[in-house]
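What follows are several structures.
In what comes next, subunit A is part of two complexes: it sits with subunit B in the first one and with subunit C in the second one.
Our next item is the complex of A and B:
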């Protein structure tokens, strides 16, 4: 990665109007990108910060969301997340382990599973919502509940988990496997004791990215976990996630703007922190993996 | 330890473990089939009753009307396509230019920090983009064209473009990164200037990767719901101008699923099925190509 900035391409002939025009257009585009995102963040801080207080995080939703806080929604969001991760992590990690350790790469079954996971990643979130509604809420009789919403999200983050775990497993030193076999370890022991711990940093990155994705999802939750703003008593209750709250305030509640801004600010901060953690973890891990001397 | 009994035991344990992993993989890989089958089940009443023709022959979308229900979906498909194309059209030049800048002009530190920023931005929730669009972009459009409602094709295109911009930029950056250094050095050796090297060597060599990034963002944009439902105005019509409100397919599902019944509901499932087919074609093709490339290098 570090040779991206090799001097040879940067010190090439710099003269000429074309070069200057390219540099100007590119610089403008880069500046525009950063500026627009700075604008979004600034707007949310400007509109949302004034309403933030301790009671915003602990209080109940009042007056359809115009007053009060988001306490129950925070709890609902966390519960949805738990219901999402509990099935998704074993599924994703297991699928990646199978792809990397149990079948030949490029074989028909491996390709079918990889293709299926890739297609799963392409399914729009609103379609996940439709599926969750008929399958979990109606067919399996879970109703509009935190459980239904979490399980629906599990399908959404599954491809992320499979991809990152697979990448982690594939980038392990090639001699780990023959070394484990030479020690007389069984496949199971080798996977559980050697490969999984070695790939753990990559799995952690995947789970972190998955959490970010699950927290930011809205469309898949509209018809699965529902709109209830009460304190959830169990995972069988309906519960509104933070993202759904922003949508509802913006679309259905007159003068819901200020509180929606605050909620959006909180959600954005949460997700930026989580994703920054993922980026940092993966960078640190990549450095260790590829430059052991550093 | 070496007794044959424990060996058989560990062998059968291995077999069980493999079986469990295989099962997990089968569930992961097969989930998409489950989703499609339930969509088809949901859509079946409409397909069976031959309602699909109404999708394309009816002029308007008024499924709730008791007297004259109409199920014309063409205006919404057109809306989805227009807003997606507008977003990709806006985001691609900016993303490619910005990637070229960071690869060939900016100091490495800037490139690194820019990549980190973009990786963070990919995770910003769609509903936050939509909400920001409603609070900021829509009023700006009203100021630009005072007699319009502001919620429009243009607003949707801008918000979607912002959402896919990090994807386009990052994939272009990766594609430029993958251009063999020898080619760039050869270009320099031939005395080509930087601009000429970019235009005649780097961009053509990275074309495939850039195209794949654009395809991915196209799939992402057409399936996006939250960003468009808040800013597009949600009136099902074929727009005459950029400032007319539209209603993409995804918005319709989000807005009407809550109260839809019977044939109306089945038609919303049909709409979902159409969306899946659309994105599956884009992404499936991409995945197929990547796997071909994977096995290609593996065999070499």
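Our next item is the complex of A and C:
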């Protein structure tokens, strides 16, 4: 009796110690991560806040960015994002649907396509930029334009969209499909009315990640949507994205640092706002129709 | 009609008849050479140990086996009016409207209760305007109307297991099927919910033709008119005995059926 009690206390103490160490390490890691984010934001606010004003959002770029604002760039960024999402979301979701609902998992076609998608995910963005320049700008004659940039980014965020949608579809309850089939629903109805709505939260996460990635991309836009700081009149105009502007200010413009921070702050806010809006809109739409509360 | 001397076996015509049906998954023969008729307006219970192909057999009756890659069904399945269910070009979607199914685990769509009816009814050509009435009728039939009438816009998956199963039954009934299949409909439910669902199935007698797979021999005795006993033999599931419930349950002629059914007399 005493022996077993003894040994159990000993293991308890040892595991107690391990638990504490693990808890401490985990806590430290979490704290460090959160702290790093906080520090970055704090630094941006410290350097960038003083220059922020209404005219910074609406004004044109003056003196290579040392003066004025980022109005045209804000518009260009949003337009590039639209040109990116409009083809990328249907394409990515469609590809994931096809992989999960139309071909057998583990079949050669499925493996080839998923392999291709994963390969696409590993392509460095500068390579996407070069491809975009050669293909969209030159071959398809779109020139340095918001459209070229958006389409290039579309290719870049496609793997994210495919992967997240695929994961969402594959983690749906397996008996939804037989349930739909048993009621004589066509595959289209089953996908459009049942599977897609059920997978929507996952798809929204994918789109959110894609938006973040697209808005913060620099390299792929340098050679595709270009540097023009004028107000874009259409998606065929060249337009500088906020991220490109930050890069330019930080590297090529003497004393551009503070304005780079202000622009970064605007970019960060833009990403947060767009993502919050995406999540809120989709949740409202979903709740009304598909995912009612208990 | 030469082999039939038991007059009760001819009491009603067959709504659904199966001849020499074999279901294979690749090289595995799940069930071999089953010939069985489902009398109109009666309840036929399919019993037997796990893995002897009852579900495979049942799911082949409305071609749900089509969904499983590598699954192959041979043999004949015919509805009363001559519709050839097993035909490769049969209108499977219309067929599944005529032959409904309720599964072991309740599987409502993760949407509102109302949408669970709207989706299938719209698909089969119902006008939006007629759906609320139909929904109320079938929900009343399964005794769920009082419980859910004020929360039709709320999620179906928030209901209890028994309520979900009754919802699934109502959803199947909404399409006005002639035949309804149940694959162990009570085995995921607690005893009380299970009793409620059993009573509902019993209440379908006369109006619909029912086939029910059950592990619960007492349940089969309570509700079934006819019993079919499946057994795993010679490397495949087979039908070893079938006939009126009273005779098959009391005095099966097959020795394996006798030992299996003997368990219920203890």
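Here is the rule we use: the second predicted complex is superposed on the first by the 231 of 294 C-alpha atoms of A that agree within 3 Å, B and C clash if a C-alpha of one lies under 4 Å from a C-alpha of the other, contacts with A are read in each partner's own complex, and residues count from 1 in each chain.
Operating definition for what follows: a residue touches a chain if its C-beta (ideal position, glycine included) is under 8 Å from a C-beta of that chain, and two chains touch if they have at least 3 such contacts.
Just so it is clear, the structure is predicted and the values come from calculations on it, not from any experiment.
Engineer: Would you sort A:134 into first (subunit B), second (subunit C), both or neither based on which partner it touches?
Structural biologist: first
Engineer: Looking at A:271, would you say it contacts subunit B, subunit C, both, or neither? Reply first, second, both or neither.
Structural biologist: Once the two structures are laid over each other on A, A:271 reaches subunit B alone.
Engineer: Hey, is it subunit B or subunit C that touches more of subunit A?
Structural biologist: B
Engineer: Applying the document's definition of touch, where does A:124 land relative to subunit B and subunit C: first, second, both, or neither?
Structural biologist: First partner only, subunit B.
Engineer: Examine A:116 and indicate which partner it touches, taking first as subunit B and second as subunit C; both and neither are also allowed.
Structural biologist: After superposition on chain A, A:116 lies in contact with subunit B alone.
Engineer: Look at A:108 in the shared chain and tell me whether it touches subunit B only, subunit C only, both, or neither; answer first, second, both or neither.
Structural biologist: After superposition on chain A, A:108 lies in contact with neither partner.
Engineer: Pick one for A:254: touches subunit B only (first), subunit C only (second), both, or neither.
Structural biologist: neither
Engineer: Counting only touches as set out at the top, which of subunit B and subunit C does A:155 meet: first, second, both, neither?
Structural biologist: first
Engineer: Residue by residue on subunit A, keep only those touching subunit B in one complex and subunit C in the other, then list them.
Structural biologist: On subunit A, the residues that contact subunit B in one structure and subunit C in the other are 186, 189.
Engineer: Under the touch definition given earlier, write down the residues of subunit C that touch subunit A in their complex.
Structural biologist: Checking each residue of subunit C against subunit A gives 62, 64, 67, 69, 92-97, 100-101, 103, 105, 107-112, 115, 119-120, 123-124, 153-155, 158, 168, 171-172, 175.
Engineer: Touching residues of subunit A toward subunit B in the complex: what are they?
Structural biologist: For subunit A paired with subunit B, touching residues are 1-6, 8-10, 12-16, 18-19, 21-23, 25-30, 32-34, 36-37, 39-40, 43-44, 47, 90-92, 94-95, 97-99, 101-102, 105-106, 111-131, 133-135, 139, 155, 158, 162, 186-189, 191, 209, 212-213, 215-219, 222-223, 243, 246-247, 250-251, 257, 260-261, 264, 267-268, 271-272, 274-276, 279.
Engineer: Considering only the defined contacts, which subunit B positions touch subunit A in the complex?
Structural biologist: Interface residues on subunit B, with respect to subunit A: 10-11, 13-14, 17-18, 20-35, 38-39, 41-42, 93-95, 97-98, 100-108, 111, 114, 116-132, 134-136, 162, 165-166, 169, 177, 181, 184-185, 187-188, 191-199, 219, 222-226, 229-230, 250, 253-254, 257-258, 268-269, 272, 275-276, 279-280, 282-284, 286-288, 291, 294-295, 298-299.
Engineer: In their shared complex, at which residues does subunit A touch subunit C?
Structural biologist: Touching subunit C from subunit A are residues 104, 173, 175-186, 189, 193-194, 197-198, 289-294.
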